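In what follows, chain A forms one complex with chain B and a second complex with chain C.
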Partner chain A sequence: MKRRNLMMSVAAGAMLAISTGAASAQDVIRMGAAAPKTGPLAGGADVTHWPAVRLWVHQVNEAGGLQLADGPAMIELIEYDDQTNPQQTIQAAQRMATQDQVDFMVAPYSTGLNLAAAPIFSQLGYPQITGSNVTNQQPELSAQFPGMFFVLGRTGVMAEDTAQVLVDLRDAGEIGNRVALVNVADAFGIEMAEISRDVLEENGFEIVYQTSYPLGTQDIAPIIDGARAAEPDAFIAWSYPADTFALTDQAIVQNFSPSVFFTAVATAFPSFEARFGEQAEGVMGMGGVNPDDPAFQEFAEAHMELTGQLPDYWASASTYATLEILGQAIEATGSRDRAVVMEYLQDSSHEYDTVLGPVQFNDMNDNERYWTVGQWQDGVFRGVAARGRDGAADVILKDGWD
Partner chain B sequence: MFFILITGLLLGGTYALIAMGLNLQYGVARIMNLANGEMLVAGGFAAFWVYTAGQVSPIAALLVVAPVAFVVNWAIYRIMLRPLVKRAKSRGALEVDSILATFGLSFALVGIMTWFFGGGYFNYSYLSGRIDIFASSYAQNRVVAFAIASLLAAALWVWLSYTRAGLRMRAVAVSPDSARLVGIDVPAVSALAFGLGGAVTASGGALISMFFTLDASVGILFTMKALIIVIMGGVGDIRGTIVAALILGIAETFVARVIDPGLTLAAAYVLFLGVLLFRPQGLFGRTPT
Partner chain C sequence: MSMRDLRNLALSALAFGVLALLPLYVSGYILSIATTMAMFTVLATSWALFSGPTHYISLATAAFFGLGTFVTGLGFQTLPMWLLPIIAAGLGAVLAALVGLVTLRLSGVYFVIFTLGLAELVRQVVTWVQNRTGQRGMYVLTSITERDIYWQLLGMAALVFLVGWLIARSRLGFALRIIGNDETVAKHSGIDTAAAKILLFMVSGAAAAVVGAMMAPRYIYIEPSTAFASILSFQVVIMALLGGTGRLWGPLAGVVPFTLLWEFISRNAPNQTLLLLGIAFLLIVYVLPGGFVGLYDRLRHRYGQGGQ
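Up next, the complex of A and B:
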């Protein structure tokens, strides 16, 4: 066992460090980024995180860098693979601060890794503007880590809005009040399922089937069979990418077709539409964007051009927005001094112009304007519910798979 | 009831695809291959690649995937693992060394696949329509994978039981030292078994890619499952692996449908624990002498 531990640490120590970006100009701002390139969340980071980060760096450098008080500075990006391991995220942050001496860091990917990294970001004095982190602990976290900012939104609000979509449909007489609720058995799934169940029950819905399944499960046929037997009007799954695909796949196979079919993470990925084609029509999921917004269209086009893939319809844009916010704070202060930039970010009177639209942080470092529920409509994942954002589309009922 | 049985059998077939290759590698070549899952994912990626690039059916892709995987695994054994076998003083020492070496190999394979394919999710739609059996619907691709798994298992069993080459392989599985005394070229047979095991695993991956979402890092999940099944079934007996895979598939499906999907893992480990307690050599394993 000892030897195996040694082996693990040796392997873990061999971290992948790639340094990109043109550093030809005299003045350079060094940015460090540690996020999954391997491990369970690599698939998500590969869609949502890395392309958005590289795109922002590329665009800033194309435009001549960030304007500091003493002239322009190009961005040099230093990337690390944290292997989806919180310990590695922390070590990478330490390394970037001490060895690479980066000026700023990109916040890590996902809720869990961002929470794990919060103490070290705070201790080292780096702003942590998170774009792929959904939590309900904004008040506690911002009190404990004043340099941590939240762009993507709150879990509670997203679960509430999802339930609200059903309430609205029922009140309009479009669906009945039978709901099947399933979730992946980890912190995310359990929390979301609890909140949405409470809201649904308060509103007189009947939960006719509820269950959870272990993380990593792709053999989902019994769950769909159970849900189908309960004859629900709506199916809500707080799921992760691989099981989002598997649930949808099985629902099609077993022809389980409630009026509302909701799967959570990865429903907003372009690969969801690539996989299911027209059958994706009407499927709902977390997040959403306003695809008619020229800012998003421009972002999607540039994303495609540089990385060869489309952004997802949710956290890609917010990840990109975190860097826009950081860049604007740096330019506004004209300084690379983290303390100065941090102070600027913490001043809640400042508003940032981002791909999401205007973003402002409240006194809990929380962005209060974001999309909460989206739906595939005509090959695009449109936001159908939002807080403080315009352009929400009307919800359509899912009309079978075939 | 039929639903549980058939879904369980289909799942068991998937598990057999995951574990049969490891059984050959561990049972005959004595290499506890922790890179098994990565080889499976590599097979899946190959199938994905030929399907999306050239619309070649993943089943036809087996004709390429299997031989290539055989050669690659054979070479891995000759170049990387043979020296470990040579210097090992006992079976225990070889096990420790091979676990460490293949654990490292799994990292290397993840790195290589990430390099070539990126870290994203891979899936595609092939035979994803439904097929009705006893008034319930199942995915065509799972049924096809089950059928091919059955063919593969039957072919392996017949080959191992009724051919001279198979006999040599079983002899090495029972006792490499004695096999040497009766004129069997143990290193060659071991390399053959390791290569064959890799080919079976990669073929399994190609089939599984029809209905699983894979990414470069997911291999470890398959390795864990394969380890449980091989140890449950008994090392070095292909029948044990198949029976264990089917039992596990049906048990997990039963628990998921009748009790709670959250308890499938628990059910798998309870079964595993039960076998270890009451039949530590595995369902079909021989008592060590």
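Up next, the complex of A and C:
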């Protein structure tokens, strides 16, 4: 009997969940969001994706909603966990479109999940404005999925700019031409390492040490050991969050301190600075922002106030910007009709005013103005190289870990 | 072939015919769930073909599946699409044969542990090769729709059921049942137990590789961490055990309710999926120890309609 009672209450709870989930109102724009809450990318999504999405919804509703032709509409956000599983991302997008009948969807988190979701967004006619997706395939992707937009930038450009930072330092006589280049052995790391190596070699740099390590490697000590033995002037690691932290940790332990120390993804996370404190000073990484820009400062303050944590210094702002862009397109057309909004977005003459500064999409749906390289300077991760953005700080040399 | 066999064959053919028409009259949402079900049906049924009679729990599904996705990822631009699942099947069978030669002489827990490590091993080999050759990220951009994938998977499911049915009636199937009951007896009866096990493991591995090759266009972006995700192996085992491995249709009886349950939980409690899933799994184990097949057999036995 007890078991039956338990089953009954589970069933009753489930029924309740269905009926509340189905509530709807007239002047509401329903937004669906599926991104990792569990799985390997949950940590990253908790820093970068979810707070930015919730902040935008909160702020729009505070301000009275989005202005449509027939009056204001409040945003209702429906969240799902895609478990960092492309299969679930696809299914959640289907569910949001056909079961929840959302008006618009927030693009998923990360490159892989955004690409997995692209056909379903495209097929269902939803604009997919991505803020945490870096790729070099904009021409092919935008041709196949004309509703897919790219705010964060191109991998190729980021690898080139990182190499260019070294070239500039060398030409200014600040560093020599010995480089240690390591990468995580997956599509991202391999591609980035290859592009940056080409640029460096063309410019007469000597790659004194190059290696890669599998994703999820626990023991990173031999890599730092090998790099240190090669006595490079610059250390470039195309790394993911876990190894970004592990490489930095190990470099401190072994006191490996080249003039340029670069780790890729997650260097821009506030938790990087929280972990390493003053030792983070001078470490370079992917992304960056202009922290002196009042728009970013306002965003960071509101982010802190609502979510209790700071945004990261890279994709948080671009994730938020994707929603600003969508909101502005909806208000400009005064319509919740996806086809109308999509047409507006695809018109490359439109410019959007965002936390990143003005954003415009070219005919490959690609934003051409973004930060490429950043560096921790006085407790802030400042952009030091960018395409089409002002306010890049001067690069400083890393002066030891102490 | 008895009248009963003929009737069952006809009914199965009819069921597949009805399922093949599904994409024509259901929404995209239902179709995406049906595609997931079709995928797990092939994986769980082919898994049970080997693990059912032999009681060797294989956690290698993700290895074969990932191998298949990479075959499509590497080959879809240069080779005709129809050839890719065939190549995947060949490679899957070769990999299974290699693994089988090494491990199937071992028994029980050694085999389980090795197969769990296999997905990781293959993944590391693939990334090593990618790294050495400077192979860029793989974007499988095709015009294949979910509907096409569903039909491919459905065809594959029909094939797996047919193969399973034929094996069960063959000398090989009989040998495997004996091995499952008592391997020593099987050996003493003159059965080459290693060969029988390897052969069936190859069938199972090839099927999983084919599914991977068919699913790759749905993922678009192929990376080792998602292609070889070990959760897939566990899902397949859970679904097959929920259904029960004693009969050919057993895993199917697990796949359908499990996929629906997973979807129900994802939809209504998006923040507690793993927690509720764990609770659901505990309930299944306690309430349905033999899977649905066990329940069905118990009921049949109780109401005296023949049985075994």
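Methods note: the second predicted complex is superposed on the first by the 375 of 402 C-alpha atoms of A that agree within 3 Å, B and C clash if a C-alpha of one lies under 4 Å from a C-alpha of the other, contacts with A are read in each partner's own complex, and residues count from 1 in each chain.
Heads up, the rule we're going with is that a residue touches a chain if its C-beta (ideal position, glycine included) is under 8 Å from a C-beta of that chain, and two chains touch if they have at least 3 such contacts.
None of the values given here were measured: they were computed from a predicted structure.
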Item to complete: Classify the contacts of A:T38 with the two partner chains as first (chain B alone), second (chain C alone), both, or neither.
Response: both
Practice prompt. Could you look at A:S212 and tell me whether it touches chain B, chain C, both or neither (first, second, both, neither)?
Written response: both
Worksheet item: Which partner does A:A221 contact after superposing on A: first (chain B), second (chain C), both, neither?
Response: first
Item to complete: Would you check which partner chain A:Q87 touches, where first means chain B only, second means chain C only, and both and neither mean what they say?
Response: second
Discussion item. Taking the superposition on A as described, I'd like to know which of chain B and chain C A:P72 touches: first, second, both or neither.
Written reply: neither
Practice prompt. Considering only the touch criterion stated at the top, classify A:Q123 as touching first (chain B), second (chain C), both, or neither.
Written response: second
Worksheet item: If you stack the two complexes on chain A, which partner ends up touching A:A187: first (chain B), second (chain C), both, or neither?
Response: second
Fill in: On chain A, positions contacted by chain B and by chain C
3, 14, 37-38, 40, 185, 212, 214, 216
Practice prompt. Quick one: which bits of chain A touch chain C in the complex? Just the residue numbers, please.
Written response: 3, 14, 17-18, 21, 37-38, 40, 79-81, 83, 85-88, 90-92, 94-95, 97-99, 111-112, 115-116, 118-120, 123-124, 135, 137, 140-141, 144, 185-188, 190-191, 194, 212, 214-216
Fill in: Complex contact set, residues of chain C against chain A
27-29, 32-33, 36, 124, 127-128, 130-131, 134-139, 141, 145-146, 218-221, 223-226, 229, 231, 263-264, 266-271, 273-274, 287
Worksheet, complete the sentence: As the complex stands, chain B meets chain A at residues 3-4, 7, 10-11, 14, 96, 99-100, 103-104, 107, 110-111, 114, 118-121, 123-125, 128-130, 136-139, 211-213, 215-218, 221, 252-253, 256-257, 260-262, 264-265
Fill in: Touch list for chain A against partner chain B, complex
3-4, 7, 11, 14, 16, 36-40, 42-47, 84, 182, 185, 211-214, 216-219, 221-223, 225-226, 241-242, 245-246, 249-250, 252-255, 266, 269, 271, 275-277
